[in-house]
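Structure first, commentary second.
Labels run A, B, C and D following the written order; every chain starts at residue 1.
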Amino acid sequence: MAIPKFKDMERAYGFEEVALVPGDTTINPDQADTNFTLGKLTFSIPILAAAMDGIVDPNFAILTSKLGGLAVLNLDGIQTRYEKPDEVLAEIAQAPDAKVTSLLQKIYSEPIKENLVGERIQTIKQAGATCAVSLIPANTKRLAPVITEAGADILVVQSTVTTARHISKSYRGLIFSELCQMVPMPVIVGNCVTYNAALELMRAGIDGILVGIGPGAACTTREVLGVGVPQVTATMDCAAARETYFKETGKYVAVITDGGIRTGSDLCKAFASGADAVMLGSILAQAKEAPGKGYNWGMSHPHPALPRGTRVKVGTRASLKQLLFGPTSVTGGTENFVGALRTSMGVCGALTIKDMHKVKMVIAPTIKTEGKYFQAMQGMS
Amino acid sequence: MAIPKFKDMERAYGFEEVALVPGDTTINPDQADTNFTLGKLTFSIPILAAAMDGIVDPNFAILTSKLGGLAVLNLDGIQTRYEKPDEVLAEIAQAPDAKVTSLLQKIYSEPIKENLVGERIQTIKQAGATCAVSLIPANTKRLAPVITEAGADILVVQSTVTTARHISKSYRGLIFSELCQMVPMPVIVGNCVTYNAALELMRAGIDGILVGIGPGAACTTREVLGVGVPQVTATMDCAAARETYFKETGKYVAVITDGGIRTGSDLCKAFASGADAVMLGSILAQAKEAPGKGYNWGMSHPHPALPRGTRVKVGTRASLKQLLFGPTSVTGGTENFVGALRTSMGVCGALTIKDMHKVKMVIAPTIKTEGKYFQAMQGMS
Amino acid sequence: MAIPKFKDMERAYGFEEVALVPGDTTINPDQADTNFTLGKLTFSIPILAAAMDGIVDPNFAILTSKLGGLAVLNLDGIQTRYEKPDEVLAEIAQAPDAKVTSLLQKIYSEPIKENLVGERIQTIKQAGATCAVSLIPANTKRLAPVITEAGADILVVQSTVTTARHISKSYRGLIFSELCQMVPMPVIVGNCVTYNAALELMRAGIDGILVGIGPGAACTTREVLGVGVPQVTATMDCAAARETYFKETGKYVAVITDGGIRTGSDLCKAFASGADAVMLGSILAQAKEAPGKGYNWGMSHPHPALPRGTRVKVGTRASLKQLLFGPTSVTGGTENFVGALRTSMGVCGALTIKDMHKVKMVIAPTIKTEGKYFQAMQGMS
Amino acid sequence: MAIPKFKDMERAYGFEEVALVPGDTTINPDQADTNFTLGKLTFSIPILAAAMDGIVDPNFAILTSKLGGLAVLNLDGIQTRYEKPDEVLAEIAQAPDAKVTSLLQKIYSEPIKENLVGERIQTIKQAGATCAVSLIPANTKRLAPVITEAGADILVVQSTVTTARHISKSYRGLIFSELCQMVPMPVIVGNCVTYNAALELMRAGIDGILVGIGPGAACTTREVLGVGVPQVTATMDCAAARETYFKETGKYVAVITDGGIRTGSDLCKAFASGADAVMLGSILAQAKEAPGKGYNWGMSHPHPALPRGTRVKVGTRASLKQLLFGPTSVTGGTENFVGALRTSMGVCGALTIKDMHKVKMVIAPTIKTEGKYFQAMQGMS
């Protein structure tokens, strides 16, 4: 008699386990069209800067917009808690390791000021830049009218795991279908990793979805909670939901892969997995213009009894422009992300990001070779 | 002509190879119900402390009971061989490495005293705590009346590999169906890893089963004997036996995953694999209140010609309460196990442990990244 | 249109990728019957010592026989090239690393003396021990009458890869069917790893087959030639040939796994893969009684243009008796191989080696944990 | 309802993941025929030296031809930009690490001289050697008449990813069908990794195809662009195209595996994957006669904004003759490549390279063992 099975499990894949297959035709990289569209807005590069205090301040948002991308300003952090955020950011950068956790706790206990919410948005808008802002679900209903009035272009509502149905006895959760009708701008929601959850959020009327929960094996969500789906599979599943929803309604919801991207290689694989855009975090924290001055740290509202966000030294690598467009000074793929994407599109024969969605991928795990010498040999011969 | 196959082999999975998939709904962690039921007894947290001399003494048992869990007192060890176990435990903790093996051999050659068996149980009962005790099969028939009279609440009969049918020419083995009828308390038996062996033990009338033989690749059972099944598959197979037996009889036997759990992540995956509770060993040996004083060591009756239990320095990390409920001082998931479970249940949308059994898992192996820097990046961005 | 496939490839497994599943019944280890039968000869332990000059000399052969096993004396090496082999062996043990390769080349260029072939066999026989000897194919026809006359009990004909059909323009290869009729003793042939090659050799009339070509990923055969099949799959395939041949003829040919066994765990898995016995090499070179005095080195006739056998320092660990029967002084499974086998048979419920052939195995790869601390934890809790 | 799948992915394999299975017959290595045929030319060893400035100059080409192989001279590099290339090569070898990148950029900005193209070819031809030359697609149309006139025997047109259809707005791409008709010599084109792209190139009339894009996990193409197919699968897919094209037309196009080969083992696996020949890079840069004097560096025309070719120190190991035919001084398979191939053909029972195409392979990943000691044990016992 066959032994009954308690549960089926499918294999999920991460960036480091797949590779793109070159196309049957190739195109010149300069013909690759990297446009990304969200609602009625179009961006020339499909890259978003993550809503983290160490990465995006109004200046960074303006610069990113000028370069063709989109930076999301965190409205639950230092920029809206302090009149003079630069002083607070300098304090974090200068704090010794031993004192930084308690310093962060103190800094983030300051209340959010609604007037600062408006001011930050206006600074960005007055510079002629597209303004995207992020809120956590708990603050969204209160601040949605403020950001609307201030003229924000895009609203991002983000928490670690987001579903259209959240069960709580203590408060009535945020209803995304109500929110999407309330605010006159595209709404991006996340994070999410499954077909069903993504489809349900799309049916609530959102315009973009952030994909990524516990993407890396070393991610805290995965190490502490055991929860997470590697990004290739997560992106594919949410992209499948986008296709289903498009067939149902004719509306195209943007799938944005958020987290786990470390190199140009990872970025290109995100698009081949079905992403319309990617959100970059610590990579952009390494830009000279990033307000974190070589440091990055986590969200402002950690679970009180789980590990709190730690300050990570990421270093300062190059200007944002060089990180995005090169020239690169390194061989590992951690600079010139747009150049890598264009070249990858060229060898895969993809004229547009939607063509990249059709590029074939193989499962080809990274296997450690025995030393740098052989790595160099493989790269060359 | 096809070449005949000598044997089929299926893939078995361990904690480090799977990940939980977030739910289509989410719930607030404070709504998660972590109750665990064994016979007529209910515990507010589904965690058992392993019957090891370095972990559980009567004080630790009382404390664990007050915190909602269940500690199992080893009745084949120091507590029942010595009037004053604290002196013996201190001797072990203070012994230099080179002398500890012969010291352990000497200490465990002292006979078990029946009067101490009763006294230890009464100490726990008089404090109002639930009293679970463990015996090895060879001592069970002799001591079962003693523990019954002393008022023990739960009997655990444990050896490395336990089956309902043990063949021996030298003695008549313990018959579990007779034992379950003899003692007026729930009986937990183990360890076991397969559907058939688990089902046969359930049919003998037991109330709980301990799952885990050679769970880790580095486990002695696996390194020396080649025997072992990784814990996700072992738990799933025993949970499948529980479902079969429940359909047959309407009786629900508790499946308790024992061994291989190192982090909150592993613990959450045990429940998603079908566990009703987990048994923790060296993790709890790190509690300030553990009698091992920062050390842990193996069972008292090793095979005379195979490697004997070694004393392992586990260190002292935090109070039992903090280990279980936080707040955690670390980011690796080795503290605040109940908090991790509640949060994991929240993002998986599981209101109860039985809901956790239905949570989807994917196969997503841990792949080593290249350094702490990237690990931190993945956790944050 | 589907893309045509150039070639199918199946997965092959090694010891480190599988684990034994405990049985539905268990037995006391002292009831396990480890007998191994070859033709009309029966041995109480299913372990052969490899025909290497650093492992087996007449004294070692006599000792192994007394302990119940079988050592194979290499008749193409030092014992038959030199009157006083102990002096030559001492020279090898004392040579500095830089000079050992040229020393080995010089030593093995001395011709084989037929009178020494006879003398070595008689020494073993006079001590009342079973005498197994090995020859390379090129020397077999010439020396077969000599060993027959001297009273050898078992003939092993061994080369890296052996098939029943070898194509050569320079000489007429050894015909195994002729050899098996010529010599009045069981003939063991190897090495071999596939069903077809094994079956063809069995049909030539052999009594035992050595399994193992390039068993380990780090093996020279595999590193230099790319050739090799991991031992679990190789043993299973040759065991399948044994079953086929037994059905055809009623004759049971012994399958002997040779190579790649490093621990008790590997040894137990070889039997569950279908082995009737195992041949151990460097493990036994670590015996106090081994003539290599802590060193081991390869075969005498390497390919002239490929890497020559290097002397490897294996160290001296314990007496042969302790290596086989314990007690063990270590926890890694590298001593007490028979004890490990008996205990493994016990937890798997196998009364005989043929019962071990039926034990279930799972694919459960070894995954490196992060440090000795966790390894110890997993082993205990 | 089943969740729709966004994309299917197949597993692709690299050299380090497979192993060859010995044959049912074996042959003496001296009977192995390693001939390689390209058009009407036949070579006694199926090895090509890569068209890199650090590997092939006219002297090296002459020497390789005398040894039975084929070296490809790079006509887009130092040999055709400078009258006295040896002085330039010495300059590169002597440059300090910090200055070599800018030196390489300066050196490769010198224009190509058509008269030098002719002279280099004539030098090789006058020595009685077969002359193969390589061009990048952009230079091919202009220089094809020059090489034809100078008497080149084989033309290699090579870029990272080559397809029969390249889309560019800035220039009309090279049309391979036109080229093959224009030049009166065999044309080898690459690189390529898929069935469809290979078949389309074959249908354009080429005589050989170079297989290999991002072969190694550590390869720049794969690390930066995410693009690449491991070499076993890539070679198999292109070999399948060769079989299809042969069935269609009766013309046999040579499949040449280029890149990722580090040892004799890898080389043998390339042939079992379907290769008719292999192209070696950094391995041959280690020959005493290589013009790079212990260094190797990448192609001359890197993408301006992606990482530029770096100079890699490969060291000088042995003469080309010894690298190809031994005797070897090492055990890792990095010398005596032809000897390894012959021995591997012997144990696999392959009389010709086409027989090697039929050799069985298994998937048998390299698993790191715990130390050199065990590696040595596995190799010997």
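Operating definition for what follows: contacts are C-beta pairs under 8 Å (C-beta built on N, C-alpha and C of every residue); 3 or more make two chains touch, one makes a residue touch a chain.
Just so it is clear, the model here is predicted, and its values are computed rather than measured.
Taking shared numbers over all numbers used, the chain A to chain D interface scores under half, which places it in the different class.
If you average the CA atoms of chain A and of chain C, the two centres end up 57 Å from each other. Note: centroid distance chain B to chain C, computed from Cα atoms, is 40 Å.
Contacts with at least two other chains are made by residues 196, 365-366 of chain D. Chain contacts here close into one cycle, and each chain has exactly two touching partners.
In this structure, the chains touch in the following pairs: A-B, A-D, B-C, C-D. Note for the complex: chain A touches chain D at residues 13, 15, 18-31, 195-196, 236-237, 239-240, 243-244, 263-269, 272-274, 325-328, 330-333, 336, 339-340, 343-344, 347-349, 351, 361-369, 373-381. Residue ranges on chain A touching chain B, taken from their complex, read 3-7, 9-12, 14, 16-17, 50, 52, 160-163, 165-170, 192-194, 196-197, 200, 213-230, 233, 258-262, 279-283, 296-298, 303-307, 309-310, 312, 314, 365-366.
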